[in-house]
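Two complexes are shown next, each including chain A; its partner changes from chain B in the first to chain C in the second.
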Partner chain A sequence: MEKLKFERPVINRINAGVPDKFGMSTAIQPISHIDDVAVEDLLSEYGSPLYVISEKSIRNTFREALSAFKTRYPKVQFAWSYKTNYLNAVCNIYHQEGSWAEVVSGFEFEKALANGVPGSKIIFNGPDKSKEDLERAIEHGSLIHIDHFDELYEIMSLAPKTGKKAKVAIRVNMDTGIYPHWDRFGFNYENGEAWTAINKIMPDPNMELIGLHTHIGTYIMTPNAYAIATSKLAALTVRIQLKYNHHLKYLDLGGGFASKNTLKGAYLPGSDTCPTFDDYAEAITGALSNSDIQYDHMPTLFLETGRALIDDAGYLLGSVLANKRLLDGRRSLIIDIGVNNLFTSFWYEHHIVPSKIKQRDTEDTTIYGPLCMNIDIIRAAIQFPVLEKGDHVVIKRIGAYNMTQWMQFITYRPKVVLIDLEGKAHVIRENENHESMNALDKMPNHLKEIQL
Partner chain B sequence: MKSVTHAFVERRSRVNELLDIILNSYSQIFFSTHRPFALLIMLVTFIDFYTGLFGLISVLTAAVAGIMLGFNRVTMRKGLLGFNSLLAGLGLGIYFSPSVYLLIIVILASLFTFLISVSLQGVIGKYGLPFLSIPFILGLWAFMLATKSFEVLGVSERGIYTLNELYTLGGTNLVKAYEYLNNLTLPDPVRAYFFSLSAILFQYNLLTGIVIAVGLLSFSRIAFSLSLIGFFIAFGFYHLIGAEVTSYDYSFFGFNYILSSIALGGFFLIPSRNAYLWMILVIPFVAILTISLNAVFMQFKIPIYALPFNIVVMLFLYSLKFREKYSYRLSEVYFQHNSPEKNLYIFLNNKERFRYKLFTPIKLPFFGTWKVSQAHDGEHTHKGVYKHAWDFILVNQEGKQFKNEGDYPEEYFCYNKPVIAPEDGVVEEIIDGIDDNVIGQPNLKDNWGNTLIIKHNNEVYSKLSHLKKGSFKVKKGEDVKFGQIVANCGNSGRSPYPHLHFQIQQSPYIGSVTMDYPLSNYIVHEKDAFQLKTHSRPEKEQLVSNIETSDLLVSALSFIPGQILEFKTEADSIVTWEVKVNEYNQSYLQCKNTDAKAYFENDQNLFYFTYYEGKKKSELFYFFQALFKLQKGYYQNLEITDQYPLYLTYPKAILWFHDFISPFLLLIRSQYSVQYKKIDDAITPSQIQLTSGLTNYFLKKKINEKSFRITIDRDGISDINITDDNRQIKLIR
Partner chain C sequence: MKLKKNIAVSENGFLFDPNSGESYSLNKTGQLIVKLISEGKSEAEIIENIMEKYDVESNALQRYLDDFIMMLQQMNLLQKEED
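So, the complex of A and B:
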């Protein structure tokens, strides 16, 4: 008979079997495979920690979103929000699915061009567009979403020199009945700033106003906010039609759809409370179809959804470094994933599970990262089974922002692996090493020699 | 300086007009406006110089009278008011010897005939009938009967001295040729045929007959073959009934058969198998009438001339007007092009291209691309008198029409989607208040569920059914425009799952039977391909949408009257076209240099040329061919094909011979096709490229082709590259 595995003793308060209003305490479901590839195999082959992206999940989610809109409105175009995840392989999956590129900086613009996106299919957003960036965007016939008057004036002075007509849209901010009211991007709708901007653009022979854009916020839990935003943009569109007999080509509702992650402080898990693509689509297309825009001139609906498309497709795998008992008696677990790798842990109660489970009992645990910093907390309090050094953990829904906002801090950033539709793993980004980290460093001559 | 040029141009156009009036009066004897033919006929009238002269004088008289009295210039120019006077002049001229008195009589007779022509046009024109040569018969009878008491007129004996006339005209050679021809040993019937032709001009000689026959052949193969057929059927008929007629007698009224045959088989009816067959039955009437009328009129010693031909042709044409059912197989000519070939080819082309022109342009009643789940003659409910209906659903990329398990109406993609008016109209009827069904449990009591009926005109109503309760955006009696949202798709009535039922009917009631009515135009979406359908019926499983127009194409093809289009050719010359509209509200482009005209139609979704007249060397003709038919949406790689009218684009040499059989059989084809090749940007395009081409086929063999590459930018059509055989031509804006 095989020797039984040792189970560590766990002390738990007896819960007399009475479920609270959410039912019995959640049983931990380990994640042992991602798209049928074993977590253990991935970690042993590519090292720990490791980012894993599921191509299948990306494509399925994208198609689900597209279908939600396309079955409601005939002209829909997604543009991949580069800042959410600009790993080239990831971007190209979206481009293969038909997405354009939405960039917010010269760097992202270059990235999109290098990925093979035609300039005319790049949407240039963001408050920071340098003179050179704008020139390049005009040259490439990209859609420039103007953020402020200074940018507007800059384009006015640049466009005649390029000899091309700048294709522009303005970013509009507005009250959509939600808090916080984002008023920092673009021109305000209610106080007439947006209309003023339009009246400056329309007579300019070097600019063509082809659309309107809004970015009402992020992680919007109320689809109705989008309906309000759509109605307001549609009203502007009709007003432009009336005054200038000019038909806008598109309305861009930006991003901001919530993913299934649970925000810190949320009462219920995100997977239960976040609206679905259908909810958002119903709100937006309903408002659009019922607007006063003429049938022959219905604009294309642009969406720059990032988070909701990619979050689910990303996983972060790591290993347990140590177990510790804190002063108050709570258990703490130290893993090799820190906030440098998981920036979003500042916002979310990330869903973290072991790759396999040895015992069902859970204990109130704090999960720390490996950094030598007190803020390096992945989960402050979680019911977690007891793991041992070397055991593996999986963090779900980390596809958005973590691979762009990650920090190189204290240690090297790990590899990123993509699991393709056949279940084959591809490294799509190598881990950093001594050479790559030092590549940009320069040493003045007088500092080259040290003697200790 | 400018006014001098202007005056010159005006004078030139007046001279041209007078020439048309005169020459066409000659060719109109054979219903033609073919100038060479007219000149030939004119020439042979001068075989007897004075006859020719009096003929010309009478045409001139009619022309001057017509212009001075201010009759319709178009009718005059076609020679329609002059040819009867010409015939009267010729008849009198050959019968009497020339004198000043005859001149007066001829002028009077010409005027008299002219007045009869105008009056007859007024009287029988309103029945839609041609007056043919009745005016000349009446005029000539009146004068012939009267002249018997005019002492001063001497009966001509010139018939005997034809040779003298010929000698003065063409010297010994002509006389020799004339002699040779007259002595030619031709079979009797053939001689009679030629003599009959010459008798149309009151002559009796082989030369005239042959010249006219050649002229007829060169003008129209169909008319020529008809003349032979008509003549020989009558000839055969005479032999059949054993009538004793000499060749001389026969030629004296043989032209009746020839003219009847040409008129019915080629001019007033579209040349076709049926027209030919009817002609074979009708010619014997002419033969019988000839004999019987002759018997009557001989009493008065006046010839019957072309009376039998007139009676029979009018009789037949008038009877046809009472048909209750129009038939393409025996169709009248509604617009006379004065050429059997042109009439035929335009008819064949129009039949294919414009047979639905008067139909109400009903389109699809929804936004976006939907799938036909049940089409006409469907397997579920579209049966019997309700078979001409469609059911539409929305599907996602995987082809599924619902998400999850599809247990609730809300899970169906089409549910609650906007339904639009398929064409302008008035809301005739609304039924609302019926609840949506549980999936799989149709409501058999309220069969049609919530329904909307739109009246488009007195005979065309469209009905949209199974709509969502309370979703109606319009009220009974309200005007609706195409594209306006009228309600939302639902699951009410006999509907097991959400779908949109759409039918067209002739009466305004719920429960009216369906009508087989084509949809004006729509796009069929296939995997990686698009197809334009015009006046067709969506079929089961097809993914269909309305045409979504591209602003670039719409603005490039919006030709506004008064607009000037200018293109530079490679030779750096400039061609200028003006957009114009005529009194019949037809739009056309007119080339300033060559006066050529290209007529076009332009609606919401389609642009197409209908007709071209003028010089084929004009660049406008290339333009006409290159943009023969376009739809105004950009769909990658979409191809549209169409057929050009053969007489415009098919190589003359082959067409000439093919004309003989064209009424029965078409072995040739002149095909147009256009491909939507390239767009630089789908949302904000600045350039679109189309390629189009003309390919002429004989059976399946390519005869020749032309290709065109058209570039369209924000300012319209920027350039057209033409490859005609090996020639490259460029038109640049």
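So, the complex of A and C:
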């Protein structure tokens, strides 16, 4: 007689708790393919863990965002936020789509130039711009977003030496009715600091004020905050028109649009609560159209959206290393993806699923990474199917920040693969190895010999 | 290895422990193992019984059984050896 298919034995305590009034699906849907490429094939060819980026998803999301704004306001320019993901291939997808570059350091500035972005299409943000960085930005005609008075005075003294007029904007922080109120970037609107800065720049013959910038926060769930920010920047624009008869070329609303990831402690999943691009676009362009800026001199709207554009395009694939039982009987699953590869697991409840399900039963599970560190937790509590050593898992929506804030810790960083529009995989960053990691180390002569 | 007294298991895998008032659900294989334990079968006999019916390697089965029995102990469903 043919034998029956075996399922491992499972016993679960029945908790008669409050029923889920939202009726959200608890069934786990495995992810076996990314853009029609099998997860198993990717892992066997490129090793585990592995970052995978979908070019199709990047382009589709970008076009969706652009269309949300362009259908409401004709003059829109995105600038790719390098710090969100500065893998060169990823940057160039955005540049092919028409995005400028938004950088926050000399390192990112060099990356943008090397990727072929003209200096005049680089926006230079951030509080850290060295004298050399500023000189280079002035030489290239980049848009320098001034963060503080020390930087303003530095540009004042540098610009005459370069023989070029520095193209500048100021970063403005303000109360937009949300918490936390970010007041660390730029000059404050309400207390008049921003207006003071403008009044120092305007008479200076070596600087041209061409725009205003604000970065109101991150993961902003309230589109109305952007409407308030836009109104305040528009009010400054009008004031500049009145006092100096000078017309600004752009208003830059920065980044901060939320992605569909679920924040820790959130009651509902991010996929249900995250505003759409249309919501943000309606708030911003509505405030702009209703402002008192002269109709013939409406500024270009700059956006530095990072997270919301790329998060969905990134996947992290990994393998199960072991199963264990914790003291209270909970299952603990150890995978080869640690917090060193998934920095965002400190604030997101990441969506993690198996690449295939052999058995539908789930158990209360804690998912740990492979690091010898107690904080290495990918999910503290999740209903998860029982997987075995060697089985594969897929973590969704990891495109933002993980490939820039990743830590080389305990082990080498893995490869990054891009799946192009034809479904072909390309390695866009190699894994680290002993040679690449040791290339920067130096050994003093007296430490070269050891005897044990 | 013995189940605690009074533990009731229904035909569709619902287990009730009147000592604690807790209820549990078992899948098919879990149900079979609980049944074999309640019939007084030893671990070796349970393995033999399952291998006859199911397509599973003995090493893997031993691992799953160890884990399952640990869960039964954790949930306080087995009599302690000295009882």
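Heads up, the rule we're going with is that the second predicted complex is superposed on the first by the 439 of 452 C-alpha atoms of A that agree within 3 Å, B and C clash if a C-alpha of one lies under 4 Å from a C-alpha of the other, contacts with A are read in each partner's own complex, and residues count from 1 in each chain.
Note that a contact is a pair of C-beta atoms (placed from the backbone, for glycine too) under 8 Å apart; a residue touches a chain by one contact, two chains touch by 3 or more.
Remember, it's a predicted structure, so these values are computed and weren't measured experimentally.
*Asks:* Per the contact definition in the header, classify A:I210: touching chain B only (first), chain C only (second), both, or neither.
*Replies:* In the superposition, A:I210 touches chain B alone.
*Asks:* Please indicate which partner A:Y295 is in contact with in the superposed arrangement: first for chain B, second for chain C, both, or neither.
*Replies:* A:Y295 sits against chain B, while chain C stays out of touch.
*Asks:* Have a look at where A:R72 lands relative to chain B and chain C in the superposition and call it first, second, both or neither.
*Replies:* The answer is first: A:R72 touches chain B but not chain C.
*Asks:* Touching A:Y250, do we find chain B (first), chain C (second), both, or neither?
*Replies:* A:Y250 sits against chain B, while chain C stays out of touch.
*Asks:* Is A:S120 touching the first partner chain B, the second partner chain C, both, or neither of them?
*Replies:* In the superposition, A:S120 contacts chain B only.
*Asks:* In the overlay, work out which of chain B or chain C sits against more residues of chain A.
*Replies:* After superposition, B is the partner touching more of chain A.
*Asks:* Name the contact category of A:Y179: first (chain B only), second (chain C only), both, or neither.
*Replies:* neither
*Asks:* Which partner does A:Y267 reach: the first (chain B), the second (chain C), both, or neither?
*Replies:* In the superposition, A:Y267 contacts neither chain B nor chain C.
*Asks:* Which parts of chain A are in contact with chain B and also with chain C?
*Replies:* Correct list for chain A: none, the interfaces share no residue.
*Asks:* In their shared complex, at which residues does chain B touch chain A?
*Replies:* Residue list for chain B touching chain A: 367-369, 394-397, 403, 413-414, 417-418, 420, 481-485, 545, 548-549, 551, 680-681, 683-684, 686.
*Asks:* Report the residues of chain A in contact with chain C in the complex, numbered from low to high.
*Replies:* Of all residues in chain A, those touching chain C are 3-14, 16, 323, 325, 328-329, 359, 361.
*Asks:* Flag every residue of chain C that touches chain A in the complex, lowest number first.
*Replies:* 15, 22-30, 32-34, 50, 53-56, 61, 64-65, 67-68, 70-72, 74-75
*Asks:* In the complex of these two chains, what residues of chain A are touching chain B?
*Replies:* 63, 66-67, 70-75, 77, 120-121, 141, 143, 167, 208, 210, 247, 249-250, 278, 289-290, 294-296, 298, 300
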